[in-house]
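Structures given as C-alpha cells follow.
Each of the two complexes below includes chain A, the first together with chain B, the second together with chain C.
For the complex of A and B:
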C-alpha cells in the first residue's frame, strides 16, 4: 500500500504541473494577442483594383475569402491541393517548406505562392486573374439527384443566396461536402452542364469515385431538399470566338461542360459545325443519347458519334466500336481547320491530343478540361 | 527518442489525413522504417531488382491508362483496368509533388491475386522503398507483384 504522504506529494506535484501548464497556455494566448498583433494590413489586389483592410495574422486565402474573393481550394487551406496559387508581388514572406513541392521554377520567378500558406503580417500586393473577382459563395437547395448511369448522377440545384449566377458555358463550381463519418468538409470541382441562361439553377454531373470523400457524400448522404454550398464560377474552358468547325470529345462525366456548351450555342442560334465524339465502355455507361440524337435531328450543324470500347461483340449495338481515339482518327483524317474541345480523364485527353495533332490540328486550337 | 519535425510530419501524413482518406499504413502496426526494411529484405531474397519491379508496375499502369477504362491483358491470365478519378494527390513526402489520382486494378486469375497500382504508389516504392502498410488497399506486396508480373522464372 502507498503511504498517504507519498500520495499527497504526488497530488501536489500533479496540481503544480497542471497550474504551470495553464499559466503558460494563458501567457501564450496573451502573447499572441498583444505581442504578435499585426494591426490592420492592406491587401492590394491587381494594382489598386481592390484594396482590402484586413486584421493581420491570418492566411491570405482566408483573408481574401472573408472579403468575398474566393480563390479555388480543395483542401481547406492545408497546403495539400495546390489550387490556391496567386501572384504575391510585395509583402509575401519566404516560401514555406509546405509550398516548396508545389512551385515550379517559372512560378517562383513570377512570385506565385500558395495563398493558404502566405500570412498577412504587413501590407501585401497580389495579382489574381480578373475572373476570380466575380467568384461568389452560393447557398442552394438540391432539387433533384437523378441517376444517369450506375455510377453517374445529375444534381439540379436551385440558388437561394445569391439567387442568380452569371457564368460562361464550360465553367465549373467548387461543391463543398459536409462532414460525415469523421471526414472533414472538402471542396471538389464540377463542371456545370446547365446553360448560362438558367440563372437561378445549376446542374452538375458527378461520377462516383470509390472511397472519394466528396462523391461518397453526394451519393450516400446528400438528399433532395438539402441545402448545399458551392463557390464559382471558375475556369477557362469555353468555346472560342471563331467560326472554326468544332470537334468535341468527352467520356463519362466529361459530358457535363460539353452538354452545357451545346445547350448554350443552340439557344444562341449557332451555325458552327460541330461533331461530338462520346466514348464509353459499354451501353450501360452511355447516357443522354436520346437528347443528343434529338439535337442532331433538330439542327443541321450538329453530329453525335457515341463509341463503345468494351461492348460485347454479340450485343445489339449498331454504333461505333473501339477506343474513342481510334474512332476520331477514322472520322477526322484532316483536322487542320478544326478546333478541339476535350473533357475527360488525363489519359484520354493525352491520347486525344496526340490523335488531333497527328491529323493536323495545332495545339493552340486544342482546349481541354482535364480531370486533374 | 525525439523525432525531427520532418519525421513527425511524415508520421502524420502517413496516417488517414487530408493526404489520403485511408492513409498509407493500413492496419500495419509496424513503423515506417520496419515496413521498408522488411519489404526490401523480402525483395532482396527473391533476387528481383527493385528497378525491374518498378518498371513492371509502371508498364502495367501505362498500358491500362491508355485504354480509358477498358480491360487490358498484361500477361496471360493477368488483366488490368484503369479507374479514373478527378484531381491529384500529394505525396506524403511533400517534396515529391502531386500525382494523378487514377488507379489501375490488376487481377491475376491464375493465382487468385490482385494489386491496386497508382502513380503515387509507384513513386513511393521507387524513391522511398515504401510498399505501403499491410491492410492498405494500395499496398504493393513485393511477393504478390513478382508473382503477378511473372518476374521470376517458373519453377
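For the complex of A and C:
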C-alpha cells in the first residue's frame, strides 16, 4: 500500500504542473490571437494590376502563394536561397538581419527584399516581373518514372488542372513534394525537358541528391499514377533571338532544359548551328546518347560530343576523354561569334565561363541556370 | 545575512546588484549561459543586443519567479517543482515578450526581438532564478539580484565581443581558432574578475 500522504503530494504536483501548463498555453494562444492579429491587409501588385486581400501576419511569399502568385523559392522560405526577391515599394518595414547578407547596395536602393522575410503587417505595395503573374499552380498525374542512369530519373506528368501549360523551352517548374517521414512539403526547381508544343504534358529529369528532401521523395515515395503538384513556368534560360552558333554545355540532369530546347528547335525547323558537349564521369553516367546521335544524323545543324572524365583507360569508350572544360577548349578554340548555354552545378558553370571567355566569348553571350 | 535585513533599503539593492554583476558574475564566475555567449559574441553590436535582452529577461523573470515561488510553491509545499515551474514560466514569458515587441516596436524587434528565441534556452536565466532562492531576499532585492546578474552577463559578453572583434584578423594556430580561443579569452577574463571577489560580502 502506498501511504496516503505520498499519493496526496503526487496529486498536488501533477495537478499543479497541469494547471500551470494549461494556463500558460491558454495565455499564449490568446496573446497570439489578440496581439499578432493585424486584420486584413491589402497587397497591391504592380500599381493596381492586382489587388489582394490577405490576413495580416504571414510572410509576403506565403501570402502571395495563397493567392496564386508564385515567387520562385528553392529553400522554402527560410531565407537561405535568396531567389524570392521582389520589389517592395511601400509598407515593407525594416530589412531584417536574415536578409542583410543577400542584398547589395543597388538592390537596397531599388527596395528589393526577400519576400519570405517580409511580413505583411499593413497595406503593402510590390512590383514583380510580369511573367510571374502568369505563373500558376498545376495538378498533374505522374504517367511514368523511368531511370535514365543509376541516379537520374525521368518523370512524365500529364496535366489535369489546368490542362495545358504555355512555356518557353529552357524554363523550369517548382515541383512540390509531399510530407513523408517527418519532412515538410518543400518546393524545388527542375527544368522541363519536354518541348513546349506538348502542351498537356511536362517532362523532368531529376538527379538523386543524397539526403535531399524532394529528390528522396521522388525516388522512394512517388509512384506512377500518383497526383503531383507544381507551379511554373519560371526562368530566364532560353534561346536568344540571334543567329549565332550555339554551344550547349551540360552534364547529368543539366541536360533537361537543353533536351527541351533541341526538340523545340527541330520542330520549328530552325537551322541555327548547335554543338552539345555532354560531360559525364563514366559510361554509366551517360544517357540519351542514342537519341542525340540520331538527332545528329537527322539534321545537318547539330553536333553531339559526349566526354568522359573518369572512364578507365582500358575501356571500350571511343569518344572524347577528359574534363568537359578541356574538351570544349579543344573543339572550340575561337568562340567569339558563338553563344554559350550552360546548365549544371555552380562549380561546373564557373569553370565553363572561364574557358569560354578565354576563347573570346563575351559574358553577355553566356546564359546559364545554376542549380546548387 | 542579518546585515542585509538591517541595511538601508536602497543601499541593500545597490549592493545586491553590484555583487551579482561583478563578484558573482554569472558568466565568468559560474560559467552559465556559455552556449549563446560563444555563438553570438563575434561582434560588439550583436553582443550588446543579446546582452540587453538578457538583462531585461532576467530582471523580469527573476521577479516573476520570486512571486510564484513565495505565493504558490511554498504555501502548497511543492518547492521541489521549482526547476520545472521556472523553466516553463521563463519560456512562456519570453514567447509573450517576443510577440509584444514584434507588434509594438519594429525597431526594437530587429535589435532585440530576434535574440529572444535564443534566450529561452539560456541557462544563465534559469541559474539566476534558482540562485535567487539561496538568499532570504525580499521582492525588490530579488529584482535587483536578477537585474544585476543580467547586467553581469551583458558586461561579460560585450567585453568578449570587443576582444573577439579586435583579434578577428590575428593569425592563430589552427587548433585554436573559433570557440577554442574564445574559451581561453573567457578564462583569462574570469581570472581578472576574481579580483572583485571578497569586495562585497552579502
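Convention: the second predicted complex is superposed on the first by the 325 of 372 C-alpha atoms of A that agree within 3 Å, B and C clash if a C-alpha of one lies under 4 Å from a C-alpha of the other, contacts with A are read in each partner's own complex, and residues count from 1 in each chain.
In this section, a contact is a pair of C-beta atoms (placed from the backbone, for glycine too) under 8 Å apart; a residue touches a chain by one contact, two chains touch by 3 or more.
No experiment lies behind these values; they were computed from the predicted model shown.
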Greater residue coverage of chain A in the superposed arrangement, chain B or chain C: B
Which superposed partner A:94 touches (first chain B, second chain C, both, neither): second
Partner chain(s) touched by A:17 [first = chain B, second = chain C, both, neither]: second
Touched partner set for A:323, first chain B, second chain C, both or neither: first
Chain B versus chain C as contact partner of A:257, first or second or both or neither: neither
Doubly contacted chain A residues - partners chain C and chain B: 97
Partner chain A, residues of chain B touching it in the complex: 18-19, 21-22, 65-71, 82-88, 90-91, 94-98, 100-102, 137
Chain A to chain B touching residues, read off their complex: 74-76, 78, 80-82, 97-98, 100-102, 183-184, 186, 188-189, 207, 209-213, 251-252, 279, 281, 309-310, 323-324, 344-348, 351, 371-372
Footprint of chain C on chain A - complex, ascending: 9, 12-13, 16-17, 20-21, 24, 27-28, 31-32, 35-36, 93-94, 96-97
Residues of chain C touching chain A in the complex: 72, 76-78, 80-81, 84-85, 88-89, 92, 95-96, 99-100, 102-103, 106-107, 110, 114
